Amino acid sequence: MVPLTAYLIVAALLFCIGMYAVLARRNAIAILMGVELMLNAVNINLVAFWRFLTPSTTATGSGLQVGMAGQTFAIFVFVVAAAEAAVGLALILSVFRNRRTVIAENVDSLKL
Amino acid sequence: MQQQEWIFIAIFFVIAPILPIMPIALPQLLRLAPRRANKAKLETYECGVETVGDAWVQFKVQYYLYALVFLIFDIELLFLFPWAVAYNQLPLFAFVVMVTFIAVLGVGLAYAWRKGALEWQ
Amino acid sequence: MNWLEWGFFGVLTILVIGGGLAVVLNRNLFHSALWLIVSLFGVAGLFVMLSAPFLAAVQVLVYIGAIVILIIFAIMLTRRMMGISEAPNSQWTLGLAAAALTFLVIAMTLVLASNGANPLIPREPLTQIGGESLRDLGVALVDLNQYVLPFLLASVLLEAAMVGAIVLARGEE
Amino acid sequence: MVDSLVNLGWNRDVAFFVASLLGAVVLASFGLVWIIFAIWLERKLAGRIQDRIGPNRAGPYGLFQTFADLFKLITKEDITPAGADRHIYNIAPIMVVASIVLIFAVIPFSATWVGADLNIGVLYFIAVGSLATLAIMLAGWGSNNKYALLGAFRVIAALISYEVPMILSVAVPVLLAGTMSMQGIVHGQSIAYIFVAPVSAFIFFVSQLAEAGRSPFDLIEAESEIIAGYNIEYSGMKFGMFMASEFIHAFVISLLTVILFLGGWQFLGAGHPGSELFGFIVVMGKAMLVYFVVILIRSTTPRIRIDHMMAFNWKFLVPLALVNLIVVAFCARIFVPDYAAAQAVADGGGLGAFLAGMFGVGFIAELPRAALCLVANIGLWVVASRLLRQYSDQERDRVRQLIQERRDQRGQTAPAAAGR
């Protein structure tokens, strides 16, 4: 069986790759892709911990089940990722329409 | 965990691309097809005249809006399918929750409709 | 079938990490988006290995089928930047250093912590799971004691995102 | 099969692997071989329906027409246009076929003949189907042709839109069967779900037609409007792959409709062990029936406009699917199938015993729920069609008025122009 550590290291690596994209890319869409990679790394972590620590075996009626916490969290990460992509890309489109640029550094009118 | 099923799926993911590769690659390997390319033949197809500008023409924002509404409804299935699978064991409350969920999304759809985000222009 | 599992894990890791690197390093934005698909597909495979096939299918459907399509549409709409090979920004060395440092810290901590005795990082899964985890998920989502509130909040969040994105994307017409 | 190989002295894992490999090859090539026949059948039937003869030269009844086409395609020159994104251009036709072939992995052909009975089978086929969208995107991009790209984007906008009602309608069988496994859904259909939720079946079929790009939704390959769309730059066998995927897809949608709504291999007790081949014949027979309907629709309906196609999806199918899901969920809440009570009825003799013997105990258990759902669905359909008719009447009046106004305007300006 592949140990938990292996999954966590893959997730960490993916997270750092995404982080590099966010820090180093200039195109706002590329930065958004980096964020998606980071969210996916988080999801790997959540599901891996769920699998190794608290998978539920049987439904116990209406009692409190902490068993599905990992998967449920992953689902909410999906929701947030989708909302983030939709609004983020719409923002980029809006900026592009007004400023004709998608380079994140050039959008600095709020800077002092 | 359905290990055997998933191993089968993994094999299938390897086989499925090979099948279409074969008929594409075979005639090229066996030299069944002629290979007489010339400049005119390789030109981008546009009714005989040379193409003006590159292929990446500006697109309408309409495409983005369709993809957007689709994405929101696609996310819905994340909740819909576990709910549907467990439905027979759930209390009546689950039905109320899902109706609320669908109603909220339905309001979003109605908004998109009224704003004309669903019109093809 | 230990070797088989490690084999699958290796292939998927190559997909995830290789795809991720290609996303970051590719200058062509459209190619970046395609490599993102490869990376996300690898993540879906990891979900299958972790006995969460539902999340794997959703990963393919939502990420590859919807989010990447949305990203590609956005690339097309802002295509003025297309074709221009885009260099990383001036502080990219700083970014690289930060990313590498973060990874080193996490990896070190993990390797040190997972000596087998740590109950938080077990070598073997604590329990085997049956095929009905999906049903439990459905129960958990609408259970009053569990996730019903986040579930309904998610619908509000989605609607807000949809309305906001439509307003933003259309601009004032 | 695994056991017989183990008996020959094979390692169990290796035997399993070889058996899976063989199964996968057979199952995947079944799809490709079948279309060679299906293409001929479709052309012949479409010809007959349209009062033509159809293929009749190559072989008896033109049976070898597909082979002739195949050889023609093989000997065609394969052109990669200048400026194409070469790798992407080459991957697209492979991916478009692979994404359809992959669906065969989860289709149950009989109680035991199934590639892989995944417990998320339904989501699997939806997810794999969405890869086809991606392949079209690759084809459009890779060709470096603005018509190809425009065509691809039209198609993608249409395909992703029709995925929404499809997902919503698939949720209904999942809800009724309480599982996402394809086998589980077939097992749950003591009463075929088309009789329980006909509106869902209708929505599913229509959205699948659109996904497969079949007429009346064939503006994907609108030769006369966007010069064949996204696959314009392809030639030879690569083009052939796009055509092949379209034909396999048409058959796959028939299979999926059969599995999800027409009871799969269930046919008066065909699910009993020992009748695998019969189950296979039942599935294929039902699929041929649906396939015939697909061909009938294709050869008799005109192509609809893309704005109509989108409006029909978002303003009719999606709201209908949402309401339908709630209605079915409500009905399923009122009558939950009670198998113990059904067993008692079956043991009681008389009509109950006859029905149980004929259709199985599940039939009796599901009867109340099915009846209620059916009534509710018919009611929903009546309301929906009323609304649709009202809308179309309004629209017709509006267009008539518009034409009348134009006519009046022309009537006023024309004499003035003549006078000048």
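Which chain is which? They are A, B, C and D, in the order written, and residues in each are numbered from 1.
In this section, a contact is a pair of C-beta atoms (placed from the backbone, for glycine too) under 8 Å apart; a residue touches a chain by one contact, two chains touch by 3 or more.
Predicted model only: the values in this text are computed from it and were never measured.
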item	value
Chain with minimal offset from the mean of all protein Cα atoms	B
More contacts between chains, A-C or B-C	A-C
Distance between chain centroids, defined by C-alpha means - subunit A, subunit B (Å)	21
Centre-to-centre distance between subunit C and subunit A (centres being mean Cα positions), rounded to whole Å	6
Centre distance in Å when subunit B and subunit D are each reduced to the mean of their C-alpha atoms	15
In subunit B, residues with contacts to at least two other chains	2, 6-7, 54, 56, 59, 61, 63-64, 67-72, 74-79, 81, 84-87, 89, 98, 105, 112
For subunit D, residues contacting two or more additional chains	118-119, 123-124, 153, 156, 160, 163, 180
Touching two or more other chains - residue numbers and ranges from subunit A	59, 62, 75, 78-79, 82, 85-86, 89-90, 93
Chain pairs that touch, as defined at the top of this document	A-B, A-C, B-C, B-D, C-D
Touching residues (chain side subunit C, partner subunit B) in the complex	1, 4, 8, 48, 51, 53-54, 58, 61-62, 65-67, 69-70, 73-74, 76-77, 79, 82-83, 128-129, 131, 134-139, 141-142, 144, 148, 151-152, 154-156, 158-159, 161-163, 165-167, 169-171
Subunit D residues within the subunit C interface of the complex	13, 88, 118-120, 123-124, 126-128, 130-131, 133-134, 137-138, 141, 153, 156, 160, 163, 180
Contact footprint of subunit D on subunit B as seen in their complex	2, 4-9, 11-13, 15-17, 19-21, 23-24, 26-28, 32-37, 39, 41-46, 51, 53-57, 59, 62-63, 66-67, 69-70, 73-74, 76-77, 80-81, 84-88, 92, 95, 98-99, 102, 105-106, 109, 112-113, 118-120
Complex contact set, residues of subunit B against subunit A	61, 64, 68, 71-72, 74-75, 78-79, 89, 91
Subunit B residues within the subunit C interface of the complex	1-3, 6-7, 10, 54, 56, 58-59, 61, 63-65, 67-72, 74-79, 81-87, 89-90, 93-94, 97-98, 100-101, 104-105, 107-108, 111-112, 115, 117
